[in-house]
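Consider the two complexes below, in which chain A is the common component and chain B and chain C are the respective partners.
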Partner chain A sequence: MSQIFQFFPKFVLEPRLEVSGKWVILSPIIAIILTLFSGVIIFSLLGKDPFLALYTFFVQPLTTMFGITELLVKATPLVLIGVGLAIGFKANVWNIGAEGQFTMGAVFGGGTALLCQHMESILVLPLVLVLGTLGGLFWGAIPAFLKTRFNANEILTSLMLSYVAVLCLSYLVHGPWRDPAGFNFPESQIFSDYAMLPILIENSRLNLGTMFAILVVLVAWILMTRTIIGFQLRVVGLAPTAAQYAGFKQSGLIWLSFLISGGLAGLAGIAEVSGTIGQLLPSVSPGYGFTAIIVAFLGRLHPVGVLFAGLIMALSYIGGENAQIEIGLPAAVTGLFQGILLFFLLACDVLVRYRFSHRSVLTGERCE
Partner chain B sequence: MDLLPVALTIITASTPLLLAATGELVTEKAGVLNLGVEGMMLVGAIAAFAAAVSTGSGLIAILVGAFSGVAVAAIFAVLTLTCLANQVATGLALTIFGVGLSALVGSNFVGISLEPLPQLNIGVLSTIPILGDLLFGHDVLVYLSFLMILLVGYFLSKTRSGLILRAVGESHDSAHALGYSVLTVRYLAVLFGGFMSGLAGSYLSLVYTPLWAENMTAGRGWIALALVVFGTWRAGRIAFGAYLFGAITILQLHVQGWGINIASQFMTMLPYLATVIVLVFISSDKMKIRINAPQSIGKVFYPPR
Partner chain C sequence: MRIKSFLREILAVFTIATISCVGVANAETKVGFVYVGPIGDHGWTYRHNVGRLAVEKALGTQVKTTFVESVKEGPDSERVIRQLASTGHKVIYTTSFGFMNPTLKVAKKFPNVRFEHATGYKQSKNVGTYSARFYEGRYIAGVIAGKVSKTNKIGYVASFPIPEVVRGINAFLLGARSVNPEMTISVVWVNSWYDPGKEGDAAKALIDQGADIISQHTDSPAPLQVAENRGVKGFGQASDMIKFAPKAQLSAIVNNWDNYYVERTKAAIDGSWKSQDVWYGLKEGMVKMAPYTNMPDDVQALAKKTEDAIRNGELHPFSGPIKDQTGKIVVEAGKVADAGMLLGMNFYVEGVQGSLPK
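Now for the complex of A and B:
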């Protein structure tokens, strides 16, 4: 009966003796190609010329200098959050609430910026950045505390807290922090120049936040490959029992994962509002916190991989916007693509740990 | 203060939670953790809504909603059961996919409103003053939600097939060794979960707010997941939890009417905060979770040969 559900009754999956390094790299590439194929089908179903649509989606945004700077602007939060999440996911700590930590980073940092609106000092910006990071860190610390102290499932608590964070921001910009001269729009005042991240290239939105992202990738790379903490995180994920016998403290690693990923999401949040947006709005993220989950997996939970994956997912955002303007595709296509990509990736990933074997299901003999 | 309308709104707010949690209970009892409830609900919601708009038939809409839930659950089942993918990651993928797919299909349906499903008229009973409204004046999905949780509770604890399903969830290797097909049981359990989530989504877009809005589930799928933990994997407690959360959700609509002045955002936060608090409360008793949680939950089953 179970054989009905096996794709190829004669080919069964057999565990590999060790993880296949080849498939770790191949799997995301194949997943991206398969997603593009699905794109052709989806675009045809929507009644658009599929190749024109693919061109406007994935190529045209990169043909202008402005397009490339926008790509980096969008990739920045994805990479910052993705690196943090990847560290946690490696250790099997599931922080799904990066969206909330991102928002809290924007709230704490943005709040500081509004408080310091009339201070003309170069210290304002560092203060804003530090408090923003602490905001995300604090919001990430809650699920870590609830997990380690009360054993509460971190997936559910971190996600629930995301909704709470977004509602907090909504309350603040509709109420106490609304710009009195803003014609009743739910927006804060525009931050003073002293609270803004400097722009790197004129006539673009590319700002110093992108440099933070690159720096964070490098630091995380060193952390994961060259330090004892990184080693412990990897062992906990690969072999929890071994980690236990080795005496690694599970709760310490949960805290660490959440503080790192929360802090980085907070930094991404404040970099977004003080670098790209320049004020607080009811919504400061088009779902970066959730897309970063895909970024982390697509980047193979490796900081450098996350950098590339962040660029690819950022392209899906600006491609989606471009396709909406140029050929009237619904904006939701981006989200659909992202979901499909993750599906294909997870399906291809089976070949990292297993391989197809020609063994017969019934006799267990090789029948090549 | 009139309590009857409050009680009626509690029932409408609780029904989608109860439907989705019932499905997830069966899925988890078979040892599979499907975090994609939110995505399956959204797909069910838009499919049911689209079917209702184009056919005008409530029954067809409900069926389309439920079976589109089954269809997306099937993707999850193939990935986690056949392709042995990580259940947590695949569940998240299912939610991201469901959000995107429903928003794409739904972009053609924004702004259309719908006649809500008719109330079932149960003869004389519906005309009894208060009790008639409270107990006998609902649409078919409300009764279905009661029926399903009763049936599932009975199935899990009193039938042989239910015992097999629980065995698969407790120890897939033992169940396999006894000759039960772990994969078949799990496929069916995951598809049933999709069916119930699809129904829950249909209820949202056909009855609760008879129109389509992006992300209209607003975290209810995740709350349903938390409810299963809250109910320590038991049907009766899950039903109680669903009604408790329905009541908390609906509080925001009534509080303003009672003259209490709190920013609406804080009232909207309540169900999410309540979920966190309840999870903390239930989970802090580690032993209780360990005894009640299916032991194989979330683990990949690789059949030994």
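Now for the complex of A and C:
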């Protein structure tokens, strides 16, 4: 990374010789603080009491048990997908198609649930979960195969396969899997209780899926820091040539990244369908697969970071709804907040890794 | 120490904020609305929001209305509906089909809250449903199209192949064929209720294929704007869109929820509210036609005559004989389609091009 980006004729960004570890961790926190400050300005401009607005946005949702459980419910798919993506991103494997793998998880798992509609057995749920995970795994395997066999760009193939998956689900619920008693509306039957994830706290929607997410965070953490595979993944990402020299099999790691991230996205998909939705709909995701990409980066591609990032992202959604209900803020503010947060995060990142210096462009000499 | 006092200050601010939240007097009835699109879509959600404003206007200080816009169908909607129910809203209108099961789930937990779900088919003790017979307006639009079109081709931008949309397509063509048996419809499914880009592209493709009438069952004015730019005619959807297409709009099927929302909210306040399933049309004023514009006088007169006939009950858009695409008679001469066929419509009538996605 020796190139020097030029911003202005006389100011240049140059890489810092040493990147402070402390600031790498602090930068997301600073970004969040800056976002809150911007929030104060925006809310004031909208004519709302800024502190009341921030309170309704970020604190009030957490003051009720229901709010907390909903936060966990909303964060679960983001964390599950985000952890998987982070592993791949660490190794420079760009799986952009988690939305499709999520959807395929819902299709395979949900299809199993519909097939087992009349089976009253505790084995239905594990079967549904396993097939859902395999569905995501399978959908992730396609770009991995295309990448390793034909060197096809995985960003494009995985992204395009997302649309295929969504249309596939749409076809199924409009046709073969449509609820016969549903007046031809595109929805499947509601799953039997045997195919549903158990609820953890009564009178809430918090289900076993959230436990999966926590477990996955822990396992991924161990995988990345304590195993040789995690080491290989990190080296491939940081120094591909060194990895090659060390004899790490690149294609194996691509496969691994895709299978892990696809499988986890599939698990997230089936956990969403059999945990909170309870049936198949033409669309089962409000864009979790794409939002999780942001979550992965917000969490510094670290499993624990992803956990926190997922919670923050979920809070921004729930807070946005709450702010609409309580103080009539427009829905667009949610998107605005997420955008500002990302902007500050990237900006802080740049300043952690680079610094401005004042140079003469012609001579390249420092004129500090 | 400094950090501590800073924290204490923050805490104080939040406490004050909480108190001021709780402190609001609760004399008025809170009414909640859940919208699937943005209130600025100028179509479906826009009209529901007009209905909300009508409630505020009619009932004044008796009510306080809240809305949440752009709520995704699925798990998010359940949370929003529940959030409204648990924050003291006594009547909650959920205005998209996909909110049906979430509405019912929340309603079970809040037996004292009245729920009104638009376009669904499941009711319960505290969930009523309502929808409008938009197909009556579609039929009139079809009659106009049959008279105005020169290429005999209608381009139809559609959202999802659900019965309501299929019914609209069929009603449109039946209306068109009642004055011109040569008329055909081509349909492009955009798989979205609101996606101005896709909707506009679909309209362009349909015009390129020779359609000179554009109709839509999606929520943005984009297809009509394309019609305006390309010099063909079209119809507004859900609200009067004449501003977007002063030369192209022939009329618009206007959804009018105002009276319904005012009446049902009143009923909830005075305690007479009961769960019901209503399907109102031109007669009850839930469907209205925007002024007939950009057409010759005789067509205008015919449109008005058709509108009156439907309103009086003299004309039913789905009167036999109706043939499906294979030529099989599905409604015999002298009969009209029954409610079951209308509600679950999953076939195209003769003259619609292509096959229905299944």
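Definition applied: the second predicted complex is superposed on the first by the 310 of 368 C-alpha atoms of A that agree within 3 Å, B and C clash if a C-alpha of one lies under 4 Å from a C-alpha of the other, contacts with A are read in each partner's own complex, and residues count from 1 in each chain.
To be clear about the criterion, a residue touches a chain if its C-beta (ideal position, glycine included) is under 8 Å from a C-beta of that chain, and two chains touch if they have at least 3 such contacts.
Quantities reported herein were computed from a predicted structural model and do not represent experimental measurements.
Undergrad: For A:L281, select first, second, both or neither according to whether it touches chain B, chain C, the two together, or no partner.
TA: Only chain C; A:L281 stays clear of chain B.
Undergrad: So, A:I294: does it touch chain B (first), chain C (second), both, or neither?
TA: A:I294 sits against chain B, while chain C stays out of touch.
Undergrad: In the superposed arrangement, which partner chain does A:R205 touch: chain B (first), chain C (second), both, or neither?
TA: In the superposed model, A:R205 contacts chain C only, not chain B.
Undergrad: When the two structures are overlaid on chain A, which partner does A:F191 contact: first (chain B), second (chain C), both, or neither?
TA: Neither partner.
Undergrad: Of the partners chain B and chain C, which touch A:P330 in the superposed model: first, second, both, neither?
TA: Once the two structures are laid over each other on A, A:P330 reaches both partners.
Undergrad: Determine, under the contact definition given at the top, whether A:G175 touches first (chain B), second (chain C), both, or neither.
TA: The answer is both, since A:G175 touches chain B and chain C.
Undergrad: On the A-aligned overlay, A:L52 touches which partner chain: chain B = first, chain C = second, or both, or neither?
TA: In the superposition, A:L52 touches chain C alone.
Undergrad: Scan A:W255 for contacts with chain B and chain C and give back first, second, both or neither.
TA: neither
Undergrad: If we overlay the two complexes on their shared chain A, which of chain B and chain C does A:F150 touch? Say first, second, both or neither.
TA: The first partner, chain B, only.
Undergrad: If I apply the document's touch criterion, which positions on chain A are contacted by chain B in one structure and by chain C in the other?
TA: Residues 167, 170-171, 174-175, 330-332 of chain A touch both chain B and chain C.
Undergrad: For chain B, which residues are in contact with chain A within the complex?
TA: Residues of chain B touching chain A: 35, 39, 75, 79, 81-86, 88-90, 92-94, 96-101, 103-104, 106-107, 181-184, 187, 214, 218-219, 222, 225-226, 229, 263, 265-266, 268-269, 272-273, 275-276, 279-280, 283-284, 286, 289, 302-303, 305.
Undergrad: In the complex of these two chains, what residues of chain C are touching chain A?
TA: By the definition above, chain C touches chain A via 13-14, 17-18, 20-21, 32, 38, 66-76, 78-80, 82-84, 86-87, 97-98, 101, 109, 121, 160-163, 191, 343-346, 357-358.
Undergrad: Hey, which residues of chain A end up touching chain B in the complex?
TA: 1-2, 4-7, 12-13, 15, 94, 96, 146, 149-153, 155-157, 159-161, 163-164, 167-168, 170-171, 174-175, 290, 293-294, 297, 330-340, 342-343, 346-347, 349-350, 353-354, 359, 361, 364
Undergrad: What does chain A use to touch chain C in their complex?
TA: The touching residues are 49, 51-52, 55-56, 59-60, 63, 66, 70, 73-74, 167, 170-171, 174-175, 182-187, 190, 203, 205, 272, 276-279, 281-286, 317-318, 321-322, 324-326, 328, 330-332.
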